[in-house]
Amino acid sequence: MEVIESFENNLNLKCKLQVLSRADGSAMFSEGQTVVLSAIYGPVEVKMQKLLIEKASVESVFKPKSGLPGVSDRYKEYLIKNICETALASALYPRTAVLVNLQEMQNQGQLISCAINAVCLACLDSGIDMKFLFGAVSYFLTKEEELTLTPPINESSVKAMFVFVFNNTKGDVIASHTEGRFSIDQYKTALDICRDEVKKVFIFFKETLLDT
Amino acid sequence: MAEQYKSLHPAKYYRDHLKHDIRPDGRELSDFRPVVINVGSIKTADGSSIVKIGNTTVVCGIKAEISRPKADAATKGFLVPNVELSPVCSSKFKPGPPSDQAQVLTQIIADIVGNSQCINLEELCIFPDKIAWCLYADLICIDYDGSLIDACALALISCLKVVSLPEVSYDPSLDKQQVNLEKRTPINVNSVFVSTTFAIFDDKLILADPTVEEENLCTGTLTIVTCNDELCYVHKPGGSPLVDEQMSDCIEKCMNRSNSIKKLIKTAILENI
Amino acid sequence: MSSIRKTIITNCEKNFLIKNLSEWTRLDGRAFNEFRNVEIEFGKDWGCCKVSLGKTMVISQVSCELQQPKSSRPNEGVLNINLELNPMAEPSFEAGRQSDLSSQLNRLLEKCIKDSKAVDLESLCVKVNEKAWAFRVDINVLNHEGNILDCASIAALSSLAHFRRPDVTCDGEEYKIHNVKQRDPIPTVIHHYPVCITYAIVKEGEYILADPTLLEEGVAEAFLTIGLNAYKELCGLHLGGNAHLTTKAILETSNKAAKRAVDLVQLIKEAVEIDTNERLTMKSLGFHNTLDKQISDVHVDELGKYLDHWTMDKIKRNPKKNQKVTTPMEETESTEEESEEDKSMDVSQEKVESITNLGDGTAKLDISTAQHEWITIESDEESEKEDDVIIVEPKVETLSIDSNSEEEQVLVLNPVQRSAAKKKKKKKKKNIIS
């Protein structure tokens, strides 16, 4: 197992805040060549059936670029909703709703991690209270048992993909999603490297906010 | 008395028990509930299984249909899992179109099947671009008492192990197919996946195989799926953060459990073949 | 707090806007016949574009699929246009549900682009009655600041003009779709570009405003949507709402709209041409290039000081210390707990798992030694009478709850082997009581 470590492996993050005028917070975020647009409305008035008396209810919507939303988009919504529920200080906004909206703009393999990072930036942009920041990193295992940060150009050469979401307080894993088969050692190696990489993501968040 | 205490202060009730390293149902923190598997009891399906983990009960039935392969994957058949959470299994669910949770669960099961590559879809193809088998795997939850992913995954894999398909002959020049229902052959299952769910209580304690009560009180869950000696799914959808030691501990427990579950599946299907 | 219901426009806003109009000014300073700026940006994939009209923004993507053509039109492909009103654009929009507005906008778009035969559907047919391309245009609204329809029609046309479908060959029976790398993809034949141009009608036709904003839409009584192509041919006309417009006014507006249509079509054509030429020079194009900020390694070092919360050392803590989060006062207790934990760990290692075959394809997995059961013993007094019941046993814990009440319930934790014996005794006891 060989870990490629070079400067070309840069995450290549880019971001633009406040791209939408209607939303309370919005961010267009790109990771490599994957681009996701996210918008946060909140806290807003809540529908009766979703009202929670002790905290804000989080709703998330993920829209694919083409075709109707399917079961796999439900899964992304569920993942993002759970992460937001953990990270947002929702107890401060009882009887309200926080709407998290995502739109796929361009997909080159890092869609889930890109979407999660976009949500975090949109939350920061909206000024909603959070317990901690969260950042996600995708990692790829090729058929040649090599671990790499950038998605291989040939999609069929990916053996497994990992997405880890960390918090910025202790660097613990908040969420984990995997695709494909891999050994325990590969999982642990990927986890360690991603924990290192996510530092860059958090730095990028801070840089973005300082600039605006 | 304990009943009232439980309904008034559910979290504290659990905390009091967990302080003594015991759970209200008598299990220790890392204990699993007993598992029962039954295979082949639904004769109308091409393969079936019933799985009970504690009280959680899932029935799986696989129905094979002949269909046309997709234009961009002409040599592949289909395996379509579908999880149904009916009002029977819990008052939480309402009749009507599948709830969000059922859709998410369907996607998770489909991901596990895809990741593990337990079935080679090309073996399900009868004639390229013309006909292929489509296996509809319906997973119906009868009783919902936590760790549903585990139950569904176990039901599906044990069901796949006993599926048998009738022989089909196809004549491409006449575009005619002939099904011989008498002669059935089982399908190849390359690997066995075993899923194990853990719940994180109060940000630090890890409960194996949680019941629905525990799931509701917990601050997060973690599902690990093993496939032979590898992992094929590590699913943690938000919730309390985990440190690495806890994660490795869970993976280890999961590996141990997968061995006993594999033996269990073998024992169950022994008579069926 | 913003609302998830549709925002109601107050009388003050309404009156203010109309007052302004009476002085021939609009709130954003535009003239009555002035339109907002159009920006077209293309994504990495063929047929993907983001269009903004002022602050209104939509993304459009064309996708294609080989299908059997409709039996009524065996020599034609299919074109479907689907406009989605996302909650991202406005929280009152519901995801995945058809509202009156969305079905109306979809119909207008269809009428303008599909029914005017802008796309040559016959060229999409691969083999008569067997295979034809089905095109699908998905338009997602990202930001709603008024006049979604115009923005969507520009987006639909630009993405259709930009889209290229993969080449397909047929050797008798089998159809082979060629990868973009194997063969150059084919552009779509578009006969003409019909764009929608919307006017808001305020105060019974007194004021006709081009390209209305959200507020103007709220105040307007009716809308006049005109579908026009670059040859000044009418492709659709829709007057919705309740306004009395004279034919003369409609004709005048259409003439003004025709000028706009010529400009818009030229803009779309130019944008598509520039992007296609750049693609030929093998430039990496896409939305990711238009986002300007990028992290550089120099900044990584420089900004290290901002990472005040990030402590890698804490993660690699000693696992034992991790469990022991105690103050000195509690230390003795915690060590006890730890030793207990250790014991329980030992027990768990001794656990025997048994798999029993119950016949008929049923098997059961039991973890035998680990099973504990709660047993309820009626009260202390009675158990004292029964000499053979032992309550205090090694490795048995007692939890008493609410000792003030008379009828005391004691929960005793017993290993399973004993529980059977005890249950019997309990039954006996009950018999005595009865």
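Residue numbering begins at 1 within each chain, and the chains themselves are lettered A, B and C in the order written.
By our rule, contacts are C-beta pairs under 8 Å (C-beta built on N, C-alpha and C of every residue); 3 or more make two chains touch, one makes a residue touch a chain.
These figures come from a predicted structure and were not determined experimentally.
Between the chains A-C lie more C-beta contact pairs than between any other two chains. For chain C, the chain whose average C-alpha position is most distant is B. With centres defined as mean CA coordinates, chain B is found 27 Å away from chain A. Centres computed as Cα averages put chain A at a distance of 13 Å from chain C. Among all residues of chain A, those that touch two or more other chains are 170, 172.
Chain contacts: chain C has residues 315 touching two or more partner chains.
Shown for chain B are the residues that touch two or more other chains, namely 243-244.
Residues of chain C that touch chain B in their complex: 66, 173-175, 177, 315, 317, 319, 322, 340-341, 344, 347-348, 351, 353, 355, 357-367, 370-374, 397, 399, 401-402, 405, 409, 411, 413. Chain contact summary for the complex, chain C toward chain A: residues 1-5, 43-45, 48, 50, 55, 57, 59, 61-63, 84, 86-91, 95-96, 136, 138, 140, 142-145, 284, 286-288, 291-295, 297, 299-300, 303-304, 306-307, 309-312, 314-315.
Note for the complex: chain B touches chain A at residues 100, 103-104, 106-108, 110-111, 114-117, 220, 222, 227, 229-244, 247-248, 251, 255. Looking at the complex, you find that chain B touches chain C at residues 1-2, 5, 16, 20-22, 24, 26-28, 30-32, 34-41, 71-72, 74, 129, 162, 243-245, 260-261, 263-265, 267-272. The touching residues of chain A, when paired with chain B in their complex, are 71-72, 74-75, 77-79, 81-86, 160, 162, 165, 167, 170, 172-184, 187-188, 191.
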